[in-house]
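Structures given as C-alpha cells follow.
In what comes next, chain A is part of two complexes: it sits with chain B in the first one and with chain C in the second one.
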Partner chain A sequence: MADEEETNEYRWESGYEKTWEAIKEDDDGLLESNVAEIVARAKRKRAALKATGAIQLGMMRHLFVVIDASECMFLQDLKPTRFLCVLKLLELFVHEFFDLNPISQLGILTTKVKRCVEVAALAGNQKKHIEALQQMKDTSCEGEPSLQNSLERAMNGLKNMPAHSSREVLVLFGSLTTCDPGDIQKTIKSLKENNIRVSIIGLAAEVRICREIAKRTGGTYNVLLDDHHLKELILNQVQPPAVAGSMEASLVKMGFPGGKTGSGDGASDSAADHAPAYCLCHIENETSCLMGNNSGYNCPQCGSRYCELPVECKQCGLTLVSAPHLARSYHHLFPIKPFIERTEVPEMTHCFACAKPFGELDPNVYECENCKQIVCLDCDLFIRETLHTCPGCASDPITAQMKTN
Partner chain B sequence: MKLNVDGLLVYFPYDYIYPEQFSYMLELKHALDAKGHCLLEMPSGTGKTTTLLSLIVAYMKAHPLDLTKLVYCSRTVPEIEKVMEELRKLMNYYEKEMGMEQNILGLALSSRKNLCIHPSVSKEREGKVVDGRCYGLTASFVRARHAGDDAVPVCNFYEGFDAHGKEFPLPPGVYNLDDLKEYGQAKGWCPYFLARYTITHANIVVYSYHYLLDPKIAEVVSKEISKTSVVVFDEAHNIDNVCIDSMSVKITKRLLDKCSNSIQILETTISNMKENDNRRLEKEYQRLVEGLRDANIARETDMALVNPVLPSEILEEAVPGTIRTAEHFVAFLKRVVEYIKTRLRVQHVVQESPAGFLRDIHIKVCIDRKPLRFTAERLSSLIRTLEISDLTDFSPLVTVSHFATLVSTYTKGFTIIIEPFEDRAPTVSNPILYFSCLDSSIAIKPVFNRFQTVVITSGTLSPLDMYPKILDFHPVIMTSFTMTLARPCILPMIVSKGNDQVAMSSRYETREDTAVIRNYGNLLVEVAAAVPDGIVCFFTSYLYLETIVSSWYDQGIIDQLQRHKLLFIETQDAAETSLALINYIKACDNGRGAVLLSVARGKVSEGIDFDHHLGRAVLMFGIPYVYTQSRILRARLEYLRDQFQIRENDFLTFDAMRHAAQCLGRCMRGKTDYGIMILADKRFSRADKRSKLPKWIQEHLKDTNCNLSTEECVQISKRWLRQMAQPFSREDQLGISLLTLEQLQSEEMQKKIQQRAQAA
Partner chain C sequence: MEDKEERIETPLVAIVIDATPAKKFASQAIIDNGSTMMNRIFDALIGFGNAHLMQGSHNKLAVIACNSKSTKFLYPSENGDSKSYHNRPGQYDMFAKVDSDIRHGLSELILKDSIDHDSTTSDSLLGGAMARALCHIHKIQRELSLSHQLKPRILVVSGSSDSALQYMTFMNVFFTAQKENVVIDCCMMDSDSGLLQQGCDITGGQYLRIPTVVGLLEYLLWVFLPGPSCRSKIVLPPPTKVDYRAACFCHHKLVDIGWVCSVCLSIFCKFSIICTTCNTEFKLNRPAIVPSKPKKRPRME
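After this line comes the complex of A and B, so read on.
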C-alpha cells in the first residue's frame, strides 16, 4: 500500500483529521467510553452466539459479494481510499472464506453508474477471485450505485443453486443513496421467497433501506467505525450462518484427488497422470503454469489436472477437495462449548492463556466447563475464533485423551 | 407499573419509565396540590401525554372533591386522537389492575365536520358548509316548522338525541371521535350534540384550543365546565398567537362588498315578513326592550352566531333604542359598512386606536359607542327572528359585526391598521383593515381566572420566563426538563462560516450576497453527501427560499445536490406541499434519499414529524425572525414594551428562537431516534440566542461546536453518524434513560431525581 500512498496525494490535501480526539475521553464520559462498551458487549454477544453448536449450519455456501464502486468510494476516510481499502480487505476475506468454507462458492459483482457488472462468476477458485480483485484496483469509481440491480443480478445467479446450499449476498455499501429502476420492495420480497440472505456492511452511515433489506432477509447490517472495525465486520462474514428455516439435507458428490507426495509408488496410476500437463485453472491465461510430473491433483472422475485445491472441476463440475479441507470445517460442526461467564474468581488472578492479570477494566472472566481453567475475554474470543480448541483441555493429558477418543 | 409519586399512587400503563417522566409527575403534582398554574417544558418523544394523563387521573381518583375534571387542549385532530389512544391504554391498565370497570368518562370533541353522521351533510368537505347545513336542519324554528309541516326536513339524528339522549348519559369509558360516531349510529343520536351535552359531566374532555380560548366558541361550548378542573394546553409554544388570532379581525374590500349583498337580503326578508307576519318582529322588539339576556333563551342549536366578547363582559343591559327595530338596525349596519368602506379608501397607511376610531365614526356618521357594542348580539337575534337557515352567506356580515362589537368594547390592547396596499406590491390597490389584538393575555385571562390549575406544556417553551409575562399570569411551578439519554443522540452544531471563511448569516445586509448564498449551498451539498436518507431544511421565509433556490440553480448547486438526493420544496399551496411530502417520504423509504426545503413557521415546521430516517438532519438557514416591517408586529412590540416592559429585541429573539427550536425538534421524536441539528447562521453563537434554546438542546451543544466551518461540521457529522449506526437495544438504555420499577425506587435514582428537581 506504500507505493499507492506516494502516488496518491499529499497529506495536506487529504481530509481533516482530529487525531487527538480519537484518543481523548469525552468530558462527560458519555460518548467514546459508551460506544466502546457497546462494542465490547457486541463482542460478548458474538462469543455467545458462536457457542451454540446444535443448530444446523449452512456450510455449503454460495455467496455473492457486491462491491459498491460509485463515486463516493473514492473518499479518503479509509486509507488510502475506501475502494482500495475494501479491495485489500476482501482479498483477505476471500482467502479466509475458502480456508474455512472449502466446499463453498463465491462470486463478485460491482455496481456503478446505476448498473451492476459481474467481475467474477460464482466459482470455487480463490486464485481467480483474488486476481479479479487485484485487477479491479485500476478501475474507476463513478456514478451512483444501484442496490436493486445488484440484488437482482445476484438473485439470478443464486436462484438455481441447489436447495441444500445456503444462498447469501454480502454488500459493501459506501454510498448513502441508491438509484433503482423499480420498486425495491418487490426485490426484497422475491429475495425472501428465494431464501437468499443479504448482509450489508455500510461504510458511511446507517441507511434505512439497507437495514430493512438485512432485517427482512435474515442477514445482518453493520456500519463501520474505522478500518479495524471494518476488517472485523468483514471477517465476521466468514463464519457460516445458521440455517434459516428448512433446508433439505442431501448427499453431495465430492471428489478427493489422490495426493502424490513421492515419486516411487505411482505404479497404479495411468500414464496420463505422469505426462506433463497444463493446469486447468491457468490454461486460459498467458502465464499458464506447466506442472511437473508429480505435482497437482487429478480429478478422479475425468482426470483433469489442477494445481490447487479446493476447486470445482472445469470438465465435469465435481467439487474437488482434500480431506484436510473437510477437517478444517469440522470445527463449525463441533465448536467448543461456551465458557461460563463469571463476575469474579478470587483464587485466580491471571488469565490461564495469556497470563495477563485480571484488571479492573473488564470484571468478567470465562471458565471452561471441562478443565475449569479461567481465561480473559480476549483469550476467550481468540480461542473461539482462531484456535478452536481450549488450551486448558489441550494441555491436560487426561482431557486431551478423552477428546481424541 | 404502580408508582409512588410524593405519596400519590399512580398507575402507569408501561413497564418502563423515563426518569424525566417521573420528575414531570412530581412537579405536576406540586402544582395540583397548590392549585396554581404551571409551565412545564419537556422534549418531544419523552411521553408527555401519557405522563400527564396518568398523574392527573390518579389525582382525580385520590381527591375526587378537589379535582373533578381534566380539560386537555391540543392543536389538531390527529393529536387529539393520539391523546385518546394514550387514555385508552391507561384505562385498560386500570381495569386490568383493579379488576373492575372504571367510573371514568373521557371523550374527544371536534367540529361538526368531524363528527357529523347525517348521510348527506357529512359528505360536505368544508367545515363552514357543514355547520351551516346542520344549522338549517336543527335550528329551533326549523324544528318548530317541522312540527307543523312534515315536508320541512330535519336531522333525524338530532331529533333522536333530543328525544332520548339526555336521559341516558354516555356509559363510562373512553370515546374518541370514531367511537362517538359509532355510538351515535347505533343509537340514532347525533354524536356532535351528544358530545357537547356530555362535556358537562365527563371526567376528561379532549378538544382543540379554540373551544376554550376563542370567546366566540368558548361561551357556547365550555361555559358549564366547573372551576375545580385542570386545564392542559399541550404543544402550547404558540399559545400567545392563538390568543391573539382569536381576538383579531381582518376586513378586506371584497368582504365589505359581500356584506352589502347580505344586508340587501336582510332588507328584503324584513319587508316580506312585515307584509306577511308582522307579529314576530314586534315580539322580538318587545323581547329586546326587556333585555338581551332574556331574549336569548338558551337554545343550544342556535349557537351559530355568538358574541365575540368574553363571557364576563357580556352586557346585562337592554339593547339601545336606536337599533331595536329591525329596519333601524339594518340601516345602522349599512351605515357601519359604508363608513368602513370610506375608511378603506385611503392612499397611505393609517394606524389608529379604538378610541380614535370610535370618535371618528361618531363624527362622520353619528354612530355611538353603545349601539356599536350590541351589533353582534343584535345581528344574531335578527337572524334568528327572520328564520334564515342558510348562514354561510352571512359570514362576512358576522365578521363585521364582531369587529364593531370588539372595537367598542376594548379600548386597550388593540389597534386598527388600514393598509391601502401590500408592501410587496405597492402598485396594486388592495386595502385591508386590520383590527389587531396586541395583548395575548386578554383572551386567556378568563381561563386563568376560572380554573384552579392551568398547565402549559410543550417540547419547546424556552425561555420559560417569557410566557408568564406575555400571558400575564403567575405560575407556581416553572420547569424545564432535559432528556436523559444513553447515547448522545442529538448533535446540535452552529455553522458560522463556509470553507472560504465568509461568514454565513441571513442578516438583511448580507442575505443577497452571492458568497453567502453559495456557502449555504455548499453546506447543504456536503451535508447531503454525508447524511443518509432524509434531510429537512428550514428557511426564514418563502421569499428568501425562492431567491436562494433560484440563485442555487444558477450556481449549479441544485445539480450537485441532485446527484446525492432528490429535492422537494414546500410551497404556500397546501395540496402541493402534501404531495411533495408524500414523495419525500417515498424517496426516504426506498433509499434514494431526499432533501425537503421548507419554511420556518410553515406547515411543515409545525405539525409534521420527521422521525428516524425521515429526518436524519435538520438545517436551519438563518434565524427565523418574523417580518419586522409588519405594522401589526410593530404595534405589538410597542405595546409589549409599554405594558409589560419587554424590550423589542428580547421579544423578537424569543419568537425567532422558539420557532427555530420547533424546527430543530422535528427530527427528534423519541429516544431511539437520532438526528443532526445544524444552525447555519453566525448570530446563533451569540449568548443571547444560544441561551434561549431549550435546555435539552443546549445541553448537547458544546462550546467546541459553536463556531464551525462547513468542512468541520461535515467531519463531525460523519464520525457521529457512524457511532449512532452501531447496534443499540433496549438493554443499553435500561438503568440510564429507561427505568424499571426497581431501578426507579433505588436510592441512588431517587437521589438523582431529587437533585434534578432542585437544579430545575
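After this line comes the complex of A and C, so read on.
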C-alpha cells in the first residue's frame, strides 16, 4: 500500500499484472505448498522492511483516537454497522496499544452533530478505555462530523504534554463531508507547529482534505478495502512511529514500587507497606476495589497505594511503572539481525530452534550471522515477529551476554 | 474460530532443566539408602515426564537441558536415531525411550561440562533453552490438526540464581509466552530467582522454591503435574510476592526511583547528561531536580 501512495499513478493506469502466473502446481498437482511458500515469502519480505535501520522511535506516546459518530456510521457496509465494527476493532487496538506501548497514554473523542465530545480522557489505564468503548455501543450516530473541531480539541489536550513524548491523533473517518466553523488550513498549521502527527483511516472513499492533513502533519492516510483490511490498518498504528523532526529527549523520573524494603535508602518502611490503606485509584468513586492488605503497590516517594500499574501518583505526580512494563519495548531497541537465507542443504539435519528434522519440503534454511545456527522458515518468522531473541545466540555463552551492553 | 464441538485438549509440557547445579549435587554424595543425590534428581525428572505422558494418550512431552556452555534437546533427542534402549519386559515403549533419552543426554551434558575446567563459571543459559522450548511449542502448535487444542506450558527446573546479563532474553521469552498462552511454571532448588518469579507471575504460572531437594519428585507430582485449568481446585503453596523493581543499566542495581531515558527507556539510578545506551544528550535545565537538592541539605544538618 505504501508504494501505491508514492507513485502518482492509479492502479488502473499501470500495466497489466499477471498475478496468476506466480502460482504453479507442485509434483502432486497441488497448489497448497506453492501458495504457502508465497505467503511465507511475502511475510518475510514485510518483516524485512520493518526491521530496516535504527530509527529513533517515539516510545512515550500520547494518542487521541477520534471516532466519527455521524449519521453515515450507521451504514451497513461493514457488519453489523460501521460504528459497531470500528468499536469492536478499537477494543482490540486499545489492548494491543498498551501491550506494546506500556507507558503511553490514550484518549478517545467522538464527533457528531458538528461537535466533538471527549469520551475518555488521556490516561494510561486500558480498563477505562475499554469500558468507555463498550458503553458507546448504545449511543446513536447522528448529524455531521466536524474534523476541525475534533482536531482542535485533540490539539488542546496534546499541546501541554511533555516535549519528549510523541503526540499523535488517529481519526477514523466515515463521512465524506465535514462541517467546520473556520479555516481548517489554520488548524493544520498549528498542528504542525505543535508537532502533532495526524493519521487518518477513511471508511468510505478518499477525501482530499484528509490526505492533505495526514501528509502535512507527517501521518498516514489510508482508505479501507474491507473489514480485514481495516483491522490491519488500525493495528498498524500500534507500532511506535519513528520520531518526526525535533523531539526533545529528557530523563524522566519514575518509581518502581513493589520492592522488598531494607535495600538501603529505606524510602518506605515495611510497617507502612502492609498497613491497611485505601487504594487511591478507587477512592473517588463508589466502586469497591478488591485489594487485600498485601497486594497493591506503594509509591516509593510518598507511600500512597495503588491497585494497578502503570499509574501516575496522584499525590506526588511520580510515574509508577513496573520493570516488565519498560522491558516490553526493549525489543525495539535491540532488534535481531535478519537471518541469511541458505539454499544448499546444510550438514545440520535439524532446525536448531524447534528440533524439526529438515526434509525435502524445506528447500531453504536460514542462518544467524552471529551464532551460525540454522533454523527453518517457520522458526525464522516466529523469531523475528514474536520472540525477538535468537535461540542460538542465547544458547552460546559468549553471544548470550552481549545484548545488555 | 470457536468450534461447536469440543476440541480435544492436548497438554504439552516442555521441561527445561538447568544442569549447572549438577556439580553441587554431585558432591553431596550419598543419602540414606545408598543412592546418590544425582540419581535421585534424574529419577524424579524422568518419573515426572512419564507421569505426564501417562495421564492421557494425547499428552506430549519435550525436555530441554542447559548448562553454562550450551543448550540441548533431550527429548525428542537431537540425533534422531534412537539409541539402543532396552525396555524391561512389559514396559511401555515410550517410557523406556524417555528414560534413556533423558539419562543419556543429561549425563553427556554434565560430563562434558565437568571435563573442560578451563573456562570460568558463567551463568546458566536458561534463557536460550526457554527460547528453544517456545520455538518447539510453536512448531507443535502449527502441526496440530484443527480438532486438537494445544495446552502448552513450560516447567523450569533450576537451581541457579539470576543472571542479569540475560535479562533481555528472559523478558522476550516471558512476553512471547504470554502472547502464545504458554504458562511458565518454575520449580527452584536451593536458590531463588527474581526473574523467573516475574515470568511465572506474568504468564500465570506457579513458582515454587522447594525446601528439600530429596523430595523433588513429590513436589513435582503434587504441584506441577495438574494442568493450569484444574489448579484453582487444589490447594497450592501461596503465591510469592514478586519484586518488580527494575535494575538500572549502569550498575545492575535494583532501584526504587530511577531515571528513564525518554528515547530508549533505559533505566539509570542517577541523573546523567547523556544516555549511555542511545547516546542522546539530555537538556540540563530540568526544573524538577534543581529545587530538590537544596531541600535535603538543611534537613541533614
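Here is the rule we go by: the second predicted complex is superposed on the first by the 265 of 405 C-alpha atoms of A that agree within 3 Å, B and C clash if a C-alpha of one lies under 4 Å from a C-alpha of the other, contacts with A are read in each partner's own complex, and residues count from 1 in each chain.
Criterion: a contact is a pair of C-beta atoms (placed from the backbone, for glycine too) under 8 Å apart; a residue touches a chain by one contact, two chains touch by 3 or more.
Quantities reported herein were computed from a predicted structural model and do not represent experimental measurements.
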Next item on the list: Check whether chain B or chain C contacts more residues of chain A in the superposed model.
Entry: C
Next item on the list: Determine, under the contact definition given at the top, whether A:Q315 touches first (chain B), second (chain C), both, or neither.
Entry: neither
Check: When the two structures are overlaid on chain A, which partner does A:S140 contact: first (chain B), second (chain C), both, or neither?
Finding: neither
Notebook entry, point to check: Where does A:T178 make contact in the superposed view: on chain B (first), on chain C (second), on both, or on neither?
Noted result: first
Note to self: One more residue to check, A:I209. First (chain B), second (chain C), both or neither?
What the structure shows: first
Check: In their shared complex, at which residues does chain A touch chain C?
Finding: 56, 59-60, 103, 162, 164-165, 248-260, 263, 265, 267-268, 294, 297, 300-301, 309, 318, 322-324, 326-331, 333-334, 349-357, 375, 378-379, 382-383, 386-397, 400-401, 403-404
Notebook entry, point to check: Touching chain A in the complex: which residues of chain B?
Noted result: 486-488, 529-533, 563-565, 588-593, 612-613, 616, 702, 711-712, 715, 718, 721-728, 732
Checklist line | Complex contact set, residues of chain C against chain A | finding: 66, 68-71, 73, 76, 78, 80, 119, 122, 125, 127-129, 131-132, 134-136, 138-139, 142, 164-169, 171-176, 179-180, 198, 202, 241-247, 249, 254-265, 267-268, 271-272, 275, 277-278, 280-283, 286, 288-289
Margin query: Going by the contact rule set out above, which residues of chain A touch chain B in the complex?
Written below: 15-18, 27, 30-31, 34-35, 38-39, 41-42, 71-72, 77, 144, 147, 176-180, 183-185, 202, 204-210, 222-225
